[in-house]
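What follows is a set of structures for review.
Heads up, the next two complexes both have subunit A, just with different partners, subunit B and then subunit C.
Right, the complex of A and B next:
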């Protein structure tokens, strides 16, 4: 009877289990949303009444808005930098059999394996030595390093998929290397580059630990949320968290849509 | 676009153009520079600070970090907690990855997207969600009191259990993704062949699928373990003083006691301990199965 039990579990138990895992992953996130429109000053479930007061408090507070704008600026700079540098590196890394690619590939994974706290500490030591403490551009550079592995893997994946036949053809027909890149290669990998940029943006936008170590008075949004969560945990955090969830989900689904549409067009 | 040298039109030149020309290696230069100054330099600086004493080179920071006392307790606590979290991620994630890999590719994409979306939401927001669920007047307590299971609210936040639940939730998508990608490379016709030869589906799973997916599970374990070692936000927000991890201790050394040398030594110990455990596991796995973590699926 083992056989029928196994088959039954495949048909019913596994899907139910999978839904359970999805709920575990997503439910705590979704529960944040009703908390942001609850009238009580402290977190109480189920939410009481209905109000937009916490959103108004967020948008009316100079502290919150300054922190948000600062984070947007850092994340945008970091995303542009990581995408440009990462795409250039991916052009080399995606070439099969390239010695440089084989040597450099694992090195770029470094920031994913070394705990962020070490990088945060090292950044603080370096920044204090060079007088960069509190520098927006400095922290954007460090965030770009964190995002670099994501950019190179995403873009070199796309490059390997499309191959370089067309670019070679363009070169044979007399295009210069940069012309072949702009007019032939880039259009085919554009969806991957866009989604890499989106992810690079969010890696920086959500990063707390490094910012906490080196930004000092120049509070970023995650630093502000962190301070609020540690001290008074107001429902404003729920409102900010809701905004973040909505923006993140929208960006992830949009970049997925762009990628899928491109795949469909490619056949 | 892959070569920076103009490709001559005769056959011999084309053959040369096929090989990787050196000039376009310069495209790696910006990444290498960024890496050198923003990754290697800071990590090197931590290593340097860790061996600096009052008078030149010294091991005093390491003695303080590793000698008997609260720091060593926290170090072992961190290793233990990360070990448990990584194991939980594999146990919870394996069946989910198996289910995902057995779906037809068409609806697989959407399910995978749902699993991975939380990865892109800030860990702060995800931890906040657990405060809503596990808090004194949170979801679980209000439900338990509602059905009359308990008289007063249970203390769930600021416990080891809360740290486990929240950390596994943060790391689970990573574990599922790694195991899933190994599982999709497994040749399913092997399972079919075993069925034709009379093996039960269960037997086919245990003797074919499980060994072939073990490499992915080991890789997932190592990755989640290393990531868990560096956790900072979750233990600080939903754990009690007993759940203090090395990262929190480093932050305290840096911001409050201003002992940068000791903080650096603790950081180095964390990295070395992480690599040591991962190396030992990888070696053990290769010794036991004769497979490398990556080759297991072929």
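Right, the complex of A and C next:
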């Protein structure tokens, strides 16, 4: 009797739990969206009235647009850099019998473990020493460091799946090392590389701490949001946040789609 | 007579296109392993491996996992170097050459087809890497597709093929550039038994027609017996024995080989008296003029088909046994039986129509020719 009650409730419990987790994950995001259309001059929930005014204000403001373009540029550079370096690192790490590489493996996870504020402090010291303060390329370089562990683990996973055998097959059938990589290894890990690049982009795009330390007057988008929240707290912030949510979800969804299609192909 | 329609392009057809063969020809190379040694850390995977493989030979390296067979193949393919020794192909040292400079065809256990390329592109790959002109690539790929009868599938992706079809694509890719040497690493391992047996014949046929030297690695002794012109049995990184399939079966040189290849009864033998062999578990002592007094662990290897119920010329050893189990296999009946001395032995006989199958518990008498007893040392115990 007791067991059957458990079974009955179990059937509903799991979906309820699932919806709970989903709300927990999404609620903060979903709250922002209605606030972006409120007619009030300050952030208010529940919103009052309906207006796109804050979106217009965002697109009309040179400060916001500059910050956005700056962030896109930094994130793009950082993604390219992290993807190239991280993929190369994964290739070395995946090579059988490379003891030194295996010992160095955990180092690649370092940036994910060390608190960002420590990395930011170190970055500040190095940047001021070398005159990189406020440099877009400089901060892109550091953001790439943050994204590296992600790229390396993602691509390593894909490499482990295909293993060495495809590259070996290519070699013994006549391909030189770079040809084997270009014609065989890279195409088979391409989906992982693409999704790693997408994530690397967003790791840089929403990074605040390091940017605050070293960017000074060259505001990035997260810095601009941060400043706005501290001084004005207008619904423009909510409008920006809504735009970011849409763009991010679209990108993640696309990259997921690519992965899935590749998996189906590998079958 | 009703004429039968034969669809030559039928992709599932299991037979090869023999006519297409005449246009593909490779000349087999000589391969020499000279004292090749390879260790991984403290484990020596291959000790002093020396072997000459003749042109056009179908040589099988047979061993269980960890025997060093894959190490030997990888050294030949160039995937892993050797710690010492040399490998020569047609008299030229290749030990320092990367895999792509050794001109080898290779078929892998898991096929290793490139998943993002069509069947055509997979097969064309070795030719493209060799910078063959486009026309030649098209001609050659079409030719081998004809041989393996997969012409209709040229534009398919590997994932759309069955296991057997994928394996044939892998073969086609390995022979399309007519390599003098074809390496095969357990190429049938992933297939089911029926398909495996069918493909054994196809592989042999390809090799015969092509004339290339084949180095085939497997752990399956039946496959080795069925396909090879010579077999090398490896154990713990050392060569246990080299010989033709019939030599390996009829005249194993060690207990390990006798046990590994085919089925056999292994019974402790006492050779301490010159000219006499004593197999206590059979209760048999017989004269063997050639036999010298030998110490150590020796065994008598007796193949199950050599023990017979019918008296026969020269079958001087008689053994009384109690039948334990009779297994009916159609043309053959396999028995297990216990000797008066407690040993469990197996024997096998061709089924004849009017024969009565002895029942469980029945005591019967078996005979055996002394010449059918092969005496083998246990190398692990007596040393090499």
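Basically, the second predicted complex is superposed on the first by the 251 of 267 C-alpha atoms of A that agree within 3 Å, B and C clash if a C-alpha of one lies under 4 Å from a C-alpha of the other, contacts with A are read in each partner's own complex, and residues count from 1 in each chain.
To be clear about the criterion, a contact is a pair of C-beta atoms (placed from the backbone, for glycine too) under 8 Å apart; a residue touches a chain by one contact, two chains touch by 3 or more.
Keep in mind that this is a model prediction, so the values were computed, not measured.
Of the two partner chains placed by superposition, only subunit B is touched by A:230; subunit C is not.
By the document's definition of touching, of the two partners only subunit C reaches A:169; subunit B does not.
Looking at the shared chain after the overlay, A:18 reaches subunit B, while subunit C stays out of its contact range.
Considering which of subunit B and subunit C touches more of subunit A, the answer is B.
In the superposed model, A:88 lies in contact with subunit B only, and not with subunit C. Of the two partner chains placed around the shared chain by superposition, subunit B is the only one that A:124 touches, whereas subunit C remains out of contact.
In the superposition on chain A, contact of A:188 is made with subunit C only, not with subunit B. Comparing the two interfaces of subunit A, the one with subunit B and the one with subunit C have residues 97, 168, 170-172, 177, 184 in common.
For subunit C in complex with subunit A, the residues that touch the partner chain are 40, 77-80, 98-100, 102-106, 108, 110, 112, 114-116, 125-126, 129-130, 157, 159, 173-174, 177, 183. Listing the residues of subunit A that touch subunit C in their complex gives 97, 165-166, 168-177, 179, 183-184, 187-188, 265-267.
Only residues 1-4, 6-7, 9, 14, 17, 20, 24-25, 27-28, 30-32, 34-35, 37-39, 41-46, 49, 92-93, 95-96, 98-100, 102, 109, 111, 113-115, 117-118, 120-133, 135, 137-139, 141-142, 169, 172-173, 176, 200-202, 205, 226-227, 229-230, 232-233, 236-237, 246-247, 250-251, 254-255, 260, 263-264, 267, 270-271, 274 of subunit B touch subunit A when the two sit together in their complex.
Residues 2-3, 6-7, 10, 14-15, 17-18, 21-22, 24-29, 31-32, 35, 42-46, 81, 84-86, 88-89, 91-93, 95, 97-98, 100, 104, 107-108, 110-111, 113-119, 121-126, 129, 141-142, 144-145, 148, 152, 164, 167-168, 170-172, 177, 180-181, 184-185, 199, 202, 205-206, 208-209, 212-213, 222, 225-226, 229-230, 233, 237-238, 241, 244-245, 248-249, 251-253, 256, 260 of subunit A touch subunit B in their complex.
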